[in-house]
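Quick one: the structure is below, questions incoming.
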Amino acid sequence: MNVHDPGPPGDSGLTVRDLAVSYGPVTALRGISLEVPRGSVVTVLGGNGAGKSTLLRAISGTLRFHRGGITAGEIGFGRARLSGAATSAVVAHGVVQVPEGRKIFARMTVEENLRAGALGARDRRSASESRERVLTLFPVLAERARQRAGLLSGGEQQMLAIGRALMARPKLLLLDEPTLGLAPMMAARIADTVREINAQGTTVLLVEQNAALALSLASHAYVLEVGEVVLSGPAAELAESDEVRRRYLGIGDDRDEAPLAGAAPARPALSRWSA
Amino acid sequence: SEKATGGGGEAAASGDGVKTGPGVTADTISIGMMTDLTGPYASFGKSLTNAQQLYFQQVNAAGGVCGRQLEAVVRDHGYDVQKAVAAYTEIGPKVVAMAHVVGSPMVNAVKQRIEADKMLTIPQAWATTLLGSEPIQVTATTYDIDMINGVDFLAKEKGIKSGDKIGHLYFEGDYGESALNGSKFAAEKLGLELVEQKIKATDQDMTAQVAAFKKAGVKAVLVSVGPRQTASLVGVSLAGGMDIPFVGSNSAYSPQLLPTPAGPALLKDFYYMTGGAPIGSDLPALKKLADDYKAKYPNEAIDSGVAAGYTAAGIVVDALKKACESKDLTRAGVVAAHRSQSSWGQEYGGTMDFTVFDKPASLRSYVAKPDKDALGGAVVFKDASESDLVKEYQVPVG
Amino acid sequence: MSDTYQPDGTEDVPAAAVPPAEAIPALEVRDVTVRFAGLTALDSVSFTVAPGSVHAVIGPNGAGKSTCFNVLSGVYRATSGSVRFGTAELTALPPHRIAALGMARTFQNIALSPHLSVRDNLMLGRHRLTRAGFLSAGLRLPSARREAARHGERVAEIAAFVGLTGHLATPVGLLPYGVQKRIELARALCMEPRLLMLDEPVAGMNGGERREMAELIVAVRESLGISILLVEHDMGMVMRLADAVTVLDFGKRIADGPPELVQNDPEVIRAYLGATSETEEAST
Amino acid sequence: MSKSTLLWSVALAAAAVVIPFYLDASWLQDGLFAMAAAIGAIGLNLLTGATGQLSMGHAFFLAVGAFGYVYFASVPAEGGHAALDGLGLPTPVAAVLAVLLAGAAGGLFSPIAARLKGAYLGIATLALIFIGHFVMSNATPVTGGHNGRPVPPLEVFGFVFADTPDAPLVIAGVPFGALERLWFLGVVLLLGAGLFARGVLRGRPGRAMNTIRDHEIAAGVMGVPVARYRAGVFVLSSMYGGLAGVLIALVFQQTVPDYFGLLLALSYLAMIIIGGLGSVAGAVIGAVFVSMLPRLLTRYSDALPLIVQPGQEGVGAAEAAQILYGLAVVVVVLFLPGGLLGLVTQLRLRTGRRIASAPAAKHSLTPTPETRN
Amino acid sequence: MITFIELLVNGISIGAVYALIALGFVVIFKATEVVNFAHASLLLVGGFIIAKTHESVGFWPALLLGLAGAAVLGALIEFLVIRRANVVNHSVLAIVTIGVDIVLTTELTRQIGTEVLALGDPWGSQVLHLGAVNIPLARIAALLAASAVIAAFLLAFKYTNWGVAMRATAEDAETAALMGVRRGRVSMGAWAVAGALAALAALFMCIFPTPGLDRTVTATAMKAFPAAILGGLDSTTGALAGGLIIGVTESLVSGYQGELVFLGRGLGDVAPFLVMIIVLLIRPAGLFGTRELARV
């Protein structure tokens, strides 16, 4: 498998070319190129700190909130240039992100959170329609409509975050770990949702720790490591690679067969504390 | 270091045989002013400073005092006690006297040091708490004297009689409380009932106070607050149909109020008591001052600070001149010279006795009345006089 | 995959690693109900955590798992019911008194002090075991210094155990999420707990990282023999680690028992696991 | 690191000792005000910076300390309007009692402090200023009313911290008056207060306080009795305020209720923010900056262009000082997120060895942690 | 009884002015979570512009100019200062506004100098006599204006997305940006609106029964703090309720000062704060404020 080389920038989807990002002195991404063709689901895998969220921030233009910035490269979506654009402009182009860690507006009610999601919608008329859709997808949000969002359970907050993004009817949906903290059934529901909205024409860029789920959804996958793309290719192919199986799926390693306990000889045993 | 060699703290005799101390060199005499140029009394402070600088300039033009030129050292304290203390520490060692200090809290904060330094100081405040200190000279009357004379004026000319109620609106603090002392005394003597209302400098709207006075059914109101509050009080009273006379302390009025909507109400039945003649009076000295002031500061308004500052500068300079005669320009010498004068200031419309310092220098108050066309916005309504009541009054000291 | 957490014969039998039972009391949750305005988050829930066991609480999102933890740690007050840890009744106690009994927990959403170094965050875990007050700390009395040194050593030991040695001086806020999750665990361990409550310890981790965390939890139980109460959506991990599982749904207990039984309970499959194929896919 | 710290401390100590021999009284007085402010600011930083409880009423506790000392130390006297009460205690005892009294006042308020948060707590503490002012102006026998009352000089084992014209103290040719003597007292108090606060912050209580600020619930769950700690810190911080008040009273030689107003309270907040939240050094730097800047500007106004002499049209020195002070506050907060202390640390890092962990210092005060909530 | 009614009415009408100021605090707090200490200087600017222009252009155009001028100043403060302050801690921002206030107030008071400026309002010192109760016309105007403005805000917050955008930005600027909210616009808008509110409040503060605009006006802004807090810093209704409570308390306490003398003189000034503390003890987020709730 070779490093994916995106073709000439088309006006069909998201193109990232030679992107470099740094947070002050810390360089988080170097020379990243990737492409999300219109109508596809593409996933980005990578360990903690690989730069996945940074990539999404660069696309959405929220790096400045973290004292970071793009130092080189271009991001384009269709005919629009996203690099350098303000976040609101990016949203206006139909690129909407579900940020990492939910980031729901804790002090506002569930209902108001959904309203906030519709603020960037290009089409106000469809707001109630979107609302219907979101509430069918996550009925619990309808039950809790008047509750302060910060009081929702972890998983409920995650649903709210996704629902809120859907309110804007995005062309390109950026999902940063959408299944974090979700129960298996709910994770599966999210997967179905992604498939469904993708089928309805929304392009999806998915960052996920649950590599199995991500690879099952995506047509194409990129693997990031320490700020660089180390692997890319069709999702099915990557799912078969040893490297991915071992590192991101947690399987396929001989260590897996060894009993869990005592399997880490490097770990010193912890003595009991006696006061 | 300069400090180790003792920067001119001790008294010494200079070439001309005059004993000198801090603030006096062979050719200059430095005089301090601790004023308010940025705080609530900024306009007053500015007039004071201007007038005193004018006076010094005139003296210098005439050859100075004791062969020395006068030099003003001005510090703004913005009506902040800490800044005043700091300012005193800074300029205190460099001057021979303080031609004016705005604010009785400020004077009080450095009172002990003024006494230790024997620094002749003219406060621009007339609270009785400032009496009783040898180097501190309160000019003319104190607020309580004014109020007693004011009540007397009400009784004599405005038909207030025994059994009536009169109100007194006053600021918390020295000013208001000194004045209240006087009104209480006078009310008791005349068998009046006093209705007190205490407010703060930050209060702006006197509607509630007027309601309270109205409820009590007062026949007149004494006013020892700031000009804004006076305007509100008088305006609201009149608008509410409470058409009664008002008598204020000298700090309660400012000509700046006349163009405001409260102007007509002030012109109607408001008077204020003052120990020093208002600058709009006919005294030649004050007329000349007004002309000189206008010539030097053409853009500045003329208010009560001009006459007050000029007079105070005169007191200091005369003390210096007297001290020079006895060849002792040390601070103690200046204070002693000052305290030797028993009748000062006829040309400014009142005589002050400086030989005692536990009593006001004068017991006579003018009754002034706002006037749109007069210089300084007020004319003399009734010449300075000392009421019989005042004679029985024992001024509280310190 | 019932007993895979057992070391296979190379070690002592686990029973020997478990301390004398009287030191670690059982945790008994009896008929605990928690109501918020218009919502019953826990509805008469009961279960018992046997001394020295790993007990998992699972259930769909919003089932009341974290609420249950919050009641156990004193953050929420139960509307009714009782929680006993040994002889102590917990429902009326404030959090710090519960902590003093040796109950430690981690948080679903990381709750560390981002400005403080890892070491200071861990030292906070020693709060209940140390005594220095304003006076002795301010005056740097010898007793305070001795105490700090002694507990500092133990913190270093725990940090080494959890694999944080290199990070001790770094402010927590600058470390990646996975490391922060481990700091949470280490901080709880620093309380020398008798019962350790872990709320979704591997959320947001990838396969490799999950396995490491699982190993860590097993090692804790091996080394210290304490009871562990675990909330987790990763069923693979729950099945491997837990001795017993309680399943909540809409605040009600719908199943309770050994993992293999619970896993096949139709009610649990309906409410939580869904079709087996999907479970497999989502949580391998 | 420790070597440079040592050098710094020696240099500072030397400076502290020689200063009274060279600078004149007004500089010493400014310096003493700055020291008192620093003590108060350290206390406020414990509360607001380290524990996250916003207080806009710190000046109230200064007032309690100042008036407490005067009341405890004065002998009853007949004044003009009203008799002044006093206990006539030995002055060191009075000083200690005054500090304790301020602590007790803080203890009385701490039930409110424990219930409120953020801006609400801030404005509630603001009420202390107004209520305090009301009480001080009305309790004339204790406070002397509006004019305040004179402060008896401190006397420790027969050594008086006052001007003694009858028995002047001259050291190395320099007459040692009240300010010179108080200078050394101030240095000792500030040093003690600073070291104590540093011990608290770096020790067990400091960690608990920081965690209460960052995550109150977590703190409780980790075994910290949150309410008790909050109250404790409030009391401690009030005692710092009280100590600062005593020192200010001794320097003033007269305490006046008006001084302990809103402006003073807000300037303490400005000090800790300008200096750097949460640390002792930050509080000290901020206190020196805020209390010295206006004085310096007024004093050297002649040297500044665009400023006119008193009594002329235009921007006067005091106004310019005010404006520059306001601008300084804005600029520091905008451009130095870590406060002046952050700047100092950065400069130290830049001039010293370029350590790889440089960003740590940058982030130390305003981190944007990747917390997932 | 007459006195009581008169005091009550007076309190309500002063309360309306406080409510307008408090509403300014609320708007800014909602949009940026900043307690705005620079509000006093906005008041001063608004009043100053009206005072300086009414003679040449007439009162109503002058009022418009004042509203616009204060709005522009508010927007400028947001643009030049608040937006650029990259801080997490909102009390730090409050300090920045103190700095801004010092700069502006110093310069403005210098401009105003020693004068007391009239605002040229059409109500003058007219008084409405309702039986034995007298109410200045200006105060009735204040009450009407405050009610209208506050009602408008209630509706705006409820039925437009403005309020949602504002609160979202205040809570988490980054995420709000991800919703397509133009952060600059929202908070700048809020500051501009607050400026206009301040100018309106300044008008009613500086006309009859008070003599006019001068440098001491800023002190009155302080009294709106307890009003805003007592009502709840993020509540429009709260601003109205808080303003009225403070106004009535102050009026009654000063009016009955004679009867309350045993409590000490000058109670009128502290009473608002006492009331505020009592309310906060019972409701730590004010009467209508959103309670801070946290869960783990």
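Should a chain be cited, it is by its letter among A, B, C, D and E, assigned in written order, with residues numbered from 1 in that chain.
Here, a contact is a pair of C-beta atoms (placed from the backbone, for glycine too) under 8 Å apart; a residue touches a chain by one contact, two chains touch by 3 or more.
For each chain, UniProt lists the protein as follows: A, C = ABC transporter ATP-binding protein; D, E = Branched-chain amino acid ABC transporter permease.
For clarity, every value in this text was computed on a predicted model and none was experimentally measured.
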item: Residual chain clusters - chain B taken out, nothing else repositioned; value: one piece
item: Centroid comparison with chain E (C-alpha atoms), farthest chain; value: C
item: Relative to chain D, chain with the most remote C-alpha centre; value: A
item: Where chain D and chain E are represented by their mean Cα positions, the distance between them in whole Å; value: 31
item: Averaged-CA centre spacing for the pair chain D and chain A, given as whole angstrom; value: 49
item: Interchain centroid distance [CA atoms averaged], chain B/chain C, Å; value: 76
item: Between chain B and chain E, centroid-to-centroid distance (C-alpha), Å; value: 37
item: Per-residue overlap in chain C, given as positions that touch at least 2 other chains; value: 66, 75, 107-109, 111, 176-177, 204
item: Sites on chain B at which at least two other chains make contact; value: 38, 46, 172
item: Touching two or more other chains - residue numbers and ranges from chain E; value: 86, 106, 222, 265-266, 269, 292, 294-296
item: Interfacial residue positions of chain E with respect to chain D in the complex; value: 29, 35, 37, 81, 84-96, 98-103, 106-107, 110, 222, 225-226, 228-229, 233, 264-267, 269-270, 273-274, 276-277, 280-281, 284-286, 289, 292, 294, 296
item: Chain C - residues contacting chain E, complex; value: 66, 70, 75, 107-109, 111
item: Partner chain C, residues of chain E touching it in the complex; value: 295-296
item: Complex interface listing, chain B residues touching chain E; value: 38, 40, 42-43, 46, 172, 195-209, 211-212, 214-216, 227-228, 231-232, 235-236, 238-241, 254, 256-257, 259-262, 264-265, 301, 303
item: Residue ranges of chain B in contact with chain D within the complex; value: 1-7, 9, 35, 37-38, 46, 49-50, 53, 74-76, 78, 80-82, 85-86, 89-90, 93, 104-105, 108-113, 116, 128-129, 132, 172-174, 177, 181, 299, 396-398
